[in-house]
Each structure stands twice: as structure tokens, then as C-alpha cells.
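Two complexes are shown next, each including chain A; its partner changes from chain B in the first to chain C in the second.
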Partner chain A sequence: MLSSLGNPRQAAAQLMNFGLILSTAFMLWKGLSVITDSPSPIVVVLSGSMEPAFQRGDLLLLWNRNLFSETSVGEIVVYNVKEKDIPIVHRVVRKFGSGPNAKLLTKGDNNLSDDTELYARGQDYLVRKDIIGSVQGFIPFVGYVTIMLAEHPWLKTVMLGIMGLVVVLQRE
Partner chain B sequence: MAAAQEKITVYNVADLKNTSDDAIPNYLNSLKFTQSHRLTDVRLALGYSAFAVAAACFLWDYKLGFESTKWATAAAVIVYMVLNGALTFWLLAVEKGTVYVGRAPTGETVRIATASERQAAKGQAPQYRVTAQVEGGAGVKGKAAVEKLVFTRSFAEWFDEAGNFVTPPFQSMLARAVPVVGKLDPKRVAAAPAEAEQKTLPATASQRKEAASSSSSYTPELLDALAKNLSGATPAEAASSSAEPGSTKKGGKRRKA
Partner chain C sequence: MYSSLVRLQNTFGFFTTVAFVIAAFIAASDFASPRAPSVATLKTTSLQVVRGRPHYYSSKKEEYAIIKFSLDANLSSLFTWNTKQVFVYVTAEWPSSGAEGNATNQAVIWDTIITAPSADHLSNLGPASLKKLRKSAAGKSIDPSRGLISLKNQKPKYQITHPSGKIAETQDVRLRLHYNVQPWVGVLAWNQNVDYGRWKRLKGDLSKKFALPALKTKAATTGAAGTGTKA
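Here is the complex of A and B:
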């Protein structure tokens, strides 16, 4: 089994199999990203600010194209605060104006106050460009794996290592 | 001791097939076949270029962000899907289970594809189906003749109960079934145990078919003995029929009158 790796072509082929699994997963993600026009088409809910609608660990599916109508009040959107990489999932509660420069105010359903304190210093509102997608559907609980991987980064290395070993040693 | 003694689990059909597949190039190349790696090389080229596209996409997305590289990413995704599709097509339609392509020293081109099959009846060993396509080389009248041989043998013929791969019966099986190989390795053809109903070695096509479809003449005890004595023992110690399993252990030729 391992002795077959002495043949360089075979070793290259096994390595290629492993590499193709990774790259196919990545390209599927990128393809979804391009179709939805969102840099992160699937996000995980990290806090309980949208309860009872969304719980911590839910997986959200996003869509970032305004094909039929503009982003309007009542939609649940995901946005990144300027200079921070944490996606926030809240509902649009106010909209001033229309078009791409309309000013949007968001608030979590489970929060007492709106998001004005969450925005960057000097920023009082969001514009359409800040939003990376609006929620179209969700899958409960599945996102907990991502939360675990994020909070314990060594898990990622372990998982990848196990996957790599399994694929390289098994030639089905 | 034994050169390529591989011990595997007999219940893993994929291992049985892969170990047998690995033995074919070793055997044929030792008979001075020149192996052609064209199929593998094209597969590697397609796979690695797809991987390179994905790696490039990853890099520019990481360095420049999503918004500015959106269109390049879209193009990369399409190129990747096309390459991956081409690779899948190559594997399914062109390679089709080929494990060896080579040119015999006598000029013929040999292409061997294999597949494993579960035996229909319960309790029997899985089968190894070999498709050998031989394209006639020098000395064939008119157009080059393409000869296609398909034969199926049980894995139990060259694996003993412990999972050891026993080389002589495997090589004999190939030498008997594929005349191009048999010509180059008469020792293995001669050493193969004669079938109970025939006295001469298979030389004509009909006899080859008989040989290919009849049951194994290598008993489990014989395979064990062969596995233990791979260093100098000749395979001619085989019994001539499976009716006398115990008589082979003493060695020496035994022939039915």
C-alpha cells in the first residue's frame, strides 16, 4: 500500500486526488460566491441578538443581488462593520431615501437599541454597499461546527490532517 | 527474501484489485516491455492544471479581496469546471480502467484494463476481470490486427488466505491468457499446472478460452507453500489437479499418468 508510493507517478496521482478534493470544495464556494454576488454567501450566527428567529449556531444562506426590488425595511441583512471582519445579522428598521445611496438603519430583534453604537466611529447609518447579503434561508444548528473551529483553531489542522491521511492511503 | 511481498486484507476488494494492478507493470516491465505513460501523464496534466487554477483563484482572492476580483473569479470557476469535466471524461471514457499500456519487445502494443467483480454466488472470492487489447506488431499481414482478450479469474488464485500476494500464479495467469506475454515468458506458461482435461499448453484460441474459464488449479495449501518458499522454489511443484491437495507439500513434480 505505502510501498506503491515509491512510484513517482502514483504518488503524484494520489496527491492530486487529495488536492482536487480541496480545490473542488473551494471552487464550489467561490462559484456560490460569484452567483450570489456576496463575498460570504453562507454565514453562521454568532450571537443571540436575532432570537427567537435565529439562534447561535444557525447557518444562514445569503443573496446579494437586488433583481426585483431594493433592500427594504423588514429584511434581515448581514453586514460587516467597517474595519472589522465580524458579520452582523440584523434587521433593517429604517430607510431614508432610495437607490444605492439610501441610508439604512439596522437593529437586532433581541436587542434593546438599534445598531448605532455598533457602527464605526462617526458612522451613523449603513449604505447598500456595506451589506453583504440578505437572508433567504437558514439551516439550524449546523453552524456550530464552524463556531468550534473558529474558537479552537487547532481543530482545523487536525481535521485537515486526518482527511489528507485517509485520502492518500486509500486508493478506491 | 520475497521481493514484493504484500500482505493485505482479503476482504477489501479494492486492495485486492490495487495490489494485482500494481503487479502487472512490475511483471511486464521485467519482460522488457516498454511502458507508455501517456494516459497517466494526461490525467496528471489535467488534474494539476485544474488545481493550479484553483490555487491562483485562492491567491488573488486572498490578496485583493472579493469585490475587485469578482470577474476573474467567475472566469476561474468556469475554467475549473471545464478542466474537471475534461478530467472526468478522460477517466471514464478514455482510460476506462486501464492499468498498463506498453510495447512488447516483439513489437505489439498491449493495453490492459482491469475491473473487480463480486462473485455472484455467496461465499466465493471476488473476481478479477482483465481486458487485454493487443495490437499486432511487425509480421502481421495487411492491417495491424487488434486482438481483444477478456478473461476473468478469481482473486483466490494468487492470494492466499492470509492475504499475501503470490507472484508466480499471477504471472502464470497472465502468461497463459495473453499469448504476447506467454511468448516472452515461456517459463511461466510451462510452469502453469496442466488442466485436468487437457494435455498440452493452450496454444489455440479455443484452448485459451477453456483455460481462462476453468476453475483454479492452485489450492489454498499450495498458495501457502508457494508464499513461504518464494525464494528458489519453482512453481512446477504444483499438483496437476485439485483433487490431491496434500501431495504438493513434498515438492517435486507430480503428473497424472
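Here is the complex of A and C:
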């Protein structure tokens, strides 16, 4: 790259390549989001409340469309508590009513009691639109990198530093 | 094409491709193994409706139903080499009357996690029970005998209620057995209503209809329910 600084056309081509890679990755993510109808179609398990099924660092694939049947008791869903941005992965244990206003109660397999304490003040049940997806598939361990990056932010700087060094040192 | 970085990149790319293809094969192998789970008995043995508070600080008292049941099921065909655990749960379901028309209500009254021997080290039992669990499957990598469930007059884990607070004298309640198979790699599967290829549906999973009794008199039940859903 040092050699191409003197050649603006090559520098521009490299920049465009870089931009293309970034936007392809972004569009793949957004495309998957649209197909599954979920704002976050792939999530990493952060807590141990669903052990032994899901361990910290496992990757979950979500699907948010009710094509064949409604979300029912026993499904593992990911939901956001109102006004908070923390996605929680738990199992639906109760359902009252049907359609979009059905009341749902969730509980983690490894927790002794249900999620009533986690919901917003005054909220006793979830409704379908609180749920951002239902778990359909599962890949173990792959997401642990994300957890490490989140819990040790200096790792991010180190990784970026190494990537920058590699780009500068290579010739093509 | 001769720098070590490019070689590293190529190796890593190949590794991920191979890992992905193997994972896809393992997941697909799940569909090739046949499943024929069945339930011999599922019936209630005792029914009770009591009053209790949802939290210790609530001022309103609600009605809770305690449904004891007996279960005899054979889920051994669900355990394959790719099974991590089977989550078995019994729900009580009943239709809503009145304004909601065909709405149904479902609530889990009891559940359990049956781990496969390959996942025993992940279960959250204490050291003594964990040792017992591992000894029960000593030498075996798959243990279908773990899929045999036999419960007599089992106390439910959860006492259920309805959002309206009233559950006494509800009609047409049935118990249903469900399972959720969690694989090491692949798709999660629940009990199904139709046969898909080699996977047969769960037979006998519905109990007979029953009605919940009326609330017992105050003298008999004061203090009996404690907090609602915490068993």
C-alpha cells in the first residue's frame, strides 16, 4: 500500500474494493434480516440461563415468521424487554389466547422461576411483537469471539492494530 | 501467492468450508434416523384449586390449579449420537369460553431435562447426582434407556393460573406431553402432529378431558398455596 500512495488510481481502486467487501457483508446481514423478518437473525448466547442446552458462546439462528402455526408453548424465543436493548433467550411456558394479542410467559430452563421479574414494571406477560425471533437452529461455540470482544475491549484495539499492520506490510 | 499470510488465509478458508460441510452432514443425519415415541399413560391423579398471591408483595389473591398426574412414556428413539438433550414438558390446555371464542390457553405444569451421556458434563446437577448420572450410562455413548419416563402421582412443578385470576371450574382441560430435542449440531425439533418421513408423530400424547374443581373452602386452604409459580 505504501507503494500505491504515489498512484492515486490504484489507491482509489483499493478503497473501492474495501468498500465493496464491507457493503457485501452488510447486505448479506440485512438480507438475512429481511428473509427471517427478525432485526437480528443470528444471536450469541450470553448467559447460562438455558443450560445445559445452550452454553455461553453458542450461535443461534432465528426465524420470526409464523408461516405454519403461531408461536406456541415450548418454543425457545428471543425477546427484548421494553425499553431495554438486552435480548433474552428463554422458553415460552404459558400462552393465553391466540393471535397477536395472546399473552405469553417465558422462563429460562436453568432458572427456578419465570421471567416476571425481568419484564418491565407493571408488565406481566409478553405479546407476540415483543419477540424478535424463535430459535430454529444452533451452532456451538462459534460466537465466543463476540463475547471475548465485548468483555475485553482492549482486544478490539489489538485486532484492529494487527489488521492495519498486515494491510500496510503486504504488497498487494 | 507465496506469502505466508496468503497461505494462512487459504488454510483457514479451507478449514471453515470443511467444518461447515461436516456440520451440514451431521445435521442431515438426524433426519435419517427414525423416531417413534409413544405414550402409554397420561392421566391426572389429583386436582386442586387454591388461592395464592403471585408475589409476596401483591395485594390481589389469584386462583391457582395444582394438577398431579401419572405419566408412562417411551422416548428412547429420540436419543441418537447427535442428541444433546431432550426437554420433556407436560402442558395443561383448555379452550376459552365467551368473548375469545376459539382461543386456547396452554400452560406448562411440569418439565424435565434429560441429557444424553455426551452432554452429562454440561448438566447443572450437584457433584453427587452428576456422578450417579454418569455411572448410569457408564461405557455407553448413547443411552436410549434414559428416554423411558415413568411417573406416578407426580406433583407438578408449576401451579398455573389464568391472567384473569380465575381458574376454578374450568371445563375441557386436557394434559398433553411435548418434547423438544436439542442436537449438538442442527435444527431443534419439537413433537409433531403428522409423520415426516422417518419421524413418526407422538402417539397417545393427549389425556382425557377433565374439569378443574371449585375453590376449596377458606379453612382448608389458608396458607396452602404460598407464592404462585415458584414451586
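Just so we're on the same page, the second predicted complex is superposed on the first by the 153 of 172 C-alpha atoms of A that agree within 3 Å, B and C clash if a C-alpha of one lies under 4 Å from a C-alpha of the other, contacts with A are read in each partner's own complex, and residues count from 1 in each chain.
Note that in this section a contact is a pair of C-beta atoms (placed from the backbone, for glycine too) under 8 Å apart; a residue touches a chain by one contact, two chains touch by 3 or more.
Keep in mind it's a predicted model, so treat the numbers as computed, not measured.
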| item | value |
| --- | --- |
| Joint occupancy of chain A by chain B and chain C, clash or fit | fit |
| Touching partner for A:F26 - first (chain B), second (chain C), both, neither | first |
| Partner chain(s) touched by A:T157 [first = chain B, second = chain C, both, neither] | neither |
| Touching partner for A:M16 - first (chain B), second (chain C), both, neither | first |
| Dominant contact partner of chain A by residue count, chain C or chain B | C |
| Cα-centre angle that chain B and chain C span when viewed from chain A, reported as a multiple of 10 degrees | 140 |
| First, second, both or neither for A:Q55, with chain B first and chain C second | second |
| Touched partner set for A:P39, first chain B, second chain C, both or neither | first |
| Chain B and chain C, minimum CA distance [Å, superposed model] | 5 |
| Interface residues of chain A shared between complexes with chain B and chain C | 170-171 |
| Chain B - residues contacting chain A, complex | 4, 6, 8, 14-15, 18, 22, 37, 40-41, 43-44, 47-48, 50-51, 54-55, 57-58, 61, 65-67, 70, 73-74, 76-77, 80-81, 84 |
| Residue numbers on chain C that touch chain A, as the complex places them | 3, 5, 23, 27, 54-55, 84-85, 87, 89, 91, 96, 100, 102-108, 111, 113, 115, 119, 122-124, 158, 160, 162-163, 178, 180, 182-188, 190, 229-231 |
| Chain B-facing residues of chain A, complex | 1, 3-4, 9, 12-13, 16-17, 19-20, 22-24, 26-27, 30-31, 33-34, 37, 39, 170-172 |
| Contact footprint of chain C on chain A as seen in their complex | 51-53, 55, 72-76, 91, 93-99, 102-103, 109-110, 112-114, 116, 124-125, 135-140, 166, 170-171 |
